[in-house]
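Letters A, B, C and D name the chains as they come in the text, with residue numbers starting at 1 for each one.
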Amino acid sequence: MIKIGIVGGTGYTGVELVRLLARHPEASLRVITSRAQAGTPVAGLFPSLRGSVELDFSAPTIDAYADCDLVFFATPNGTAMTQAEALLAAGIRVIDLAADFRLRHVPTWEQWYGTAHACPALVEDAVYGLPELNRDSIRNARLVANPGCYPTSVILALLPLLKHGLIEPKSIVADCKSGVSGAGRKAELGTAFGEVTESVKAYGVSGHRHLPEIREVLQSVDAAADLVFVPHLMPMIRGIHATVYADALGDGAVLQSTYESFYRDEPFVDVMPAGSHPETRSVRGANTVRIAAHHLPQANKFIVLAVEDNLVKGAAGQAIQNMNLMFGLDETLGLEISGMIP
Amino acid sequence: MIKIGIVGGTGYTGVELVRLLARHPEASLRVITSRAQAGTPVAGLFPSLRGSVELDFSAPTIDAYADCDLVFFATPNGTAMTQAEALLAAGIRVIDLAADFRLRHVPTWEQWYGTAHACPALVEDAVYGLPELNRDSIRNARLVANPGCYPTSVILALLPLLKHGLIEPKSIVADCKSGVSGAGRKAELGTAFGEVTESVKAYGVSGHRHLPEIREVLQSVDAAADLVFVPHLMPMIRGIHATVYADALGDGAVLQSTYESFYRDEPFVDVMPAGSHPETRSVRGANTVRIAAHHLPQANKFIVLAVEDNLVKGAAGQAIQNMNLMFGLDETLGLEISGMIP
Amino acid sequence: MIKIGIVGGTGYTGVELVRLLARHPEASLRVITSRAQAGTPVAGLFPSLRGSVELDFSAPTIDAYADCDLVFFATPNGTAMTQAEALLAAGIRVIDLAADFRLRHVPTWEQWYGTAHACPALVEDAVYGLPELNRDSIRNARLVANPGCYPTSVILALLPLLKHGLIEPKSIVADCKSGVSGAGRKAELGTAFGEVTESVKAYGVSGHRHLPEIREVLQSVDAAADLVFVPHLMPMIRGIHATVYADALGDGAVLQSTYESFYRDEPFVDVMPAGSHPETRSVRGANTVRIAAHHLPQANKFIVLAVEDNLVKGAAGQAIQNMNLMFGLDETLGLEISGMIP
Amino acid sequence: MIKIGIVGGTGYTGVELVRLLARHPEASLRVITSRAQAGTPVAGLFPSLRGSVELDFSAPTIDAYADCDLVFFATPNGTAMTQAEALLAAGIRVIDLAADFRLRHVPTWEQWYGTAHACPALVEDAVYGLPELNRDSIRNARLVANPGCYPTSVILALLPLLKHGLIEPKSIVADCKSGVSGAGRKAELGTAFGEVTESVKAYGVSGHRHLPEIREVLQSVDAAADLVFVPHLMPMIRGIHATVYADALGDGAVLQSTYESFYRDEPFVDVMPAGSHPETRSVRGANTVRIAAHHLPQANKFIVLAVEDNLVKGAAGQAIQNMNLMFGLDETLGLEISGMIP
């Protein structure tokens, strides 16, 4: 059994981690911390967990994790970078679900996150936790940077095209639609029910923090790659739909077979038949990214549709997938879940 | 492994059964029938099941189930009663998720369902599949009538009060709120998105088919019991919230302890602390009924709040709970699921 | 033209007032105050008002309203009672959309609102602004207490029954369902999209501030009246559905005709045909309460269904209806709006 | 008063027309037809119209419109083309809210709509009813083809760029998001609540009927223009959000001023301040298209965000705007409505 600590268990990413780990056959939840809720039963804050989680929230001290093999940070950006070093020094492995270790280029990180990085020395050590790209490195990683929700969908949509040189690498437009849970569990007017239901809007057109993350990963595959990225807020809880446009090189004849062979052995990437339109609900609660690739011959564009549950493959599920790899378990353990329809 | 057939796998109850059974460690799905979809892959109609269900829909002939130990009817009312006899004769056990065998009094059934009962001889044989009431009979049943979604919540809300004589048995008002999935998966204007979202309405005030079902079960506990039942349609997919009012006999001092002791050993009934207000989302996807009991001393009323997922404890999950009992398995097998929040 | 001030124009009630008054042919918006937004264009905060409202928010000083004939308080409870006296002394009439002047019995107000009343002397002067009950007094009122959203629907549902002695006056149960906008426009976790969508819950079972308000008004009609009131939160923006149960006196033969004749001349109460089930969406954006009365002979209960838009007839629209009466205008002026379907 | 007939008043476009025309000071509704509902009161089918519309649906015969000055077709595609000729011959003007007369190139129409055009001779006579493009022709038109919902938003987003030559005309990508009401009021599984709520999907990637419509209009402005168009279904009733991408020619310095001057005198196009992100709810129920133009210098892209209510500016409201022009009225008459927030 892997002994597990969760830092910051009161957000949506945190409660999803707890929900999934509570049923994981090789995971043992030892400590869930929350500064604000220390002493409260976890199932008192989240009655959905009554009967499956007996822990109380504890105060977030380093000592709290002494007994753990692995600590997940389900905290806001800027927390893990102040604590990871001490945990690693104590022999505890770390998965950060926030952004502290996602960018290898520290000045870029500091520019987009508006603060000095507290632990730049560890950045090189961190592995970007996208198993479909970095599986082998993740197995041996001490510190995993769990990818952002948008980047997971956009990168997986583009990997086959970039790796096979099928697109003009600077022509990418990623128009992404996300449910509201991506913004976290907060008392904020901007995500109040009365403000976001029955409405759609773009945000961050001039620049969103997931842009440099996607760009850096794509450029690690093809140095010439670049993209335009526009996120939109949708009136639903869970789900991301990435609609990715790029200029096709070649005639599209190998498009479908390229995707199918590229992802043939991936347990959590599902390539749909040609002509399909995936729905975000088909992956609700599941760790799957479901992809459909289209070719518009007249415009000579490829259009790739990718859907995921932002809290699962876009956050907690992918973190557990990484945990499974890091601890030598079957990669799918605890994640064999179908999307919940309706 | 229990070999399983599902009649009518294209509705919401059917797909939920498939989703849950696909992960059940002792269940083996052998045949899923659909007249309209025969030949189509199940996962073609429900892409959420891609990768977890390999079956095609087959035509609904009795022969199709020859290999099965158990057949679930996830069909409209009126189907199971025409086929159950042949299946039972072949030694196959049956759980009907529709209403054909829920009422013991056949004339009442015929009045509310507007047709002659095709198989009245079997009615007496059928066991009403509410484990909290009929656990022992279910273990030995050949034919189980799985309860309606509203009745499950209302009956479980009332059982402790009626069994302990704590209320005036004719004073019950059950004001119930249900998500839209309770109406099934159909091409109907009345459940179109544009008709039901952002709106609430009552329906069936003059009489709903779940009323005689609730009444008959309550009267089996207390012959004097009767109720007013008003269902309402809510703009959400899943979830029932029953708000049950009754005139208190006595002073309410034992209310909380009565509920707690009554349901202490029930794996799927969760009595919340006094003063609680359960949310339907806390049981989304879970087989739990979550209950809070209140006393209004000034009005001398008890108010019991009960929430369930109408597709799980109100349908497919309860059917699997019954299956577990019928086949001597741990009652919770395949159902250890927490509610999905958010 | 009536010169109008609005205190607290940044909430949902406030913006609805502004939206409706901007098109009112006899209203001239002069000043809209907000402590937090002083200096911001109203249409900057609410882009929906671009092109129809040119004002900036101003600081909430008494002087700001010097030019006004009428001031609406669209503020939290506890504000109007500190400022009404000065306005009235300056000859400015006042409509409070909050609760400060709704209860005539000051100790009850102080008990439920948890604070001393700042201006008890004015309470007797205030008129409860339900035109269907107090039309003549409203015409001459200097100070109108605009009713709460739940009370408007429950009281209008019950008036014909109580006035005609058709029910047992202590037997009333009001099970009410409200959209989220009733909780106001606030940065609160409890009304975040991720917390309330796809879910239903009761709240305030042990006591809600609208209970003493309803009780006091009902008792002004029938001193013996009392009720149980349970509010529920629905996953929608606008709309209240009141389901009101009471024990019938007599046989119900006159039920429909009683409602029809009682409300025959009321422009904003619509009695539906017998057997109807009103939908909240049918009054979305409209100042109408739509009512259907049912009789269950077997249980000898009357069940009255009443729907309203909590922000219109339950708040801003009713306030304008009161304004029209106070200033001798046609009661329906600016309010001739049909519900927006879909 | 303009005497008005509506063919097909039972759909969402039809009921919205009725709602808006019922309050229009110069419109007199004379006849609303529906084959299926002939004899039913309009307000019986749509209780929201109780008290404001007294008509019954009548059978759709040509004689029914004899008394009318203007007939709106709120029918499925293929109806108006069979009846317009007779109406025009009788001196009755026609506005078709469906697609029969939107494309000037009849073979293209026949290819996309899969049938022979019943009345090609009238196509040349028809005016494409986008006032911002064709105001003068609309004034004198006998037959107006009311634009599609997606085309209205995409064309208005692009007109300033194309007319001023600010973009590479073949580089356009229009990623559009629509509420469910755009699919009409029908008993269809695809738009059932349980199928579309809490989910997002693209559809028609390989080709949607609004593509040739947008293309033809854009090419009438710049013959070289072409675009990729991908529509998406959003879990909300009303609203379209068009996100339009194009390669910038020049440096973007004139972008904001170009939009502001281009639309300065347009009553129903609102150009927001630079850097804005319009929300669809800001135009809920309003006849406004709200636009924000962005420049991404690094990628050298212009991104234009445009929102509309698909049932108002995208259908019924724009039809009334056209009516006002055709009959010499103030263009804004009956349409001075702000968006309904929340």
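Structure notes:
Here is the rule we use: a residue touches a chain if its C-beta (ideal position, glycine included) is under 8 Å from a C-beta of that chain, and two chains touch if they have at least 3 such contacts.
None of the values given here were measured: they were computed from a predicted structure.
When each chain is reduced to the average of its Cα atoms, D sits farthest from chain B.
More C-beta pairs touch across one of A-D and A-B than the other; that pair is A-D.
With centres defined as mean CA coordinates, chain C is found 45 Å away from chain A. Remark: chain A and chain D have CA centroids separated by 39 Å (rounded to whole angstrom).
Annotation: 36 Å between the Cα-based centres of chain A and chain B. Counting partner chains per residue, chain A has residues 12, 181, 185, 194-195, 197-198, 235-238, 278-279, 281, 284, 342 touching two or more of them. Residues 173, 175, 177, 179, 194-195, 197-203, 205-206, 226-228, 230, 232, 234-239, 241, 243, 245, 275, 277-281, 284, 294, 296, 299, 301, 303, 305, 307, 342 of chain D are the ones that touch chain A when the two sit in their complex.
The touching residues of chain B, counted against chain D in their complex, run 12, 180-181, 185-189, 191-198, 235-237.
The part of chain D that touches chain C in the complex is made up of residues 12, 15, 19, 22-23, 46-53, 181, 185, 198, 237-238, 270, 272, 276, 278-279, 281-286, 288, 290, 311, 336-342.
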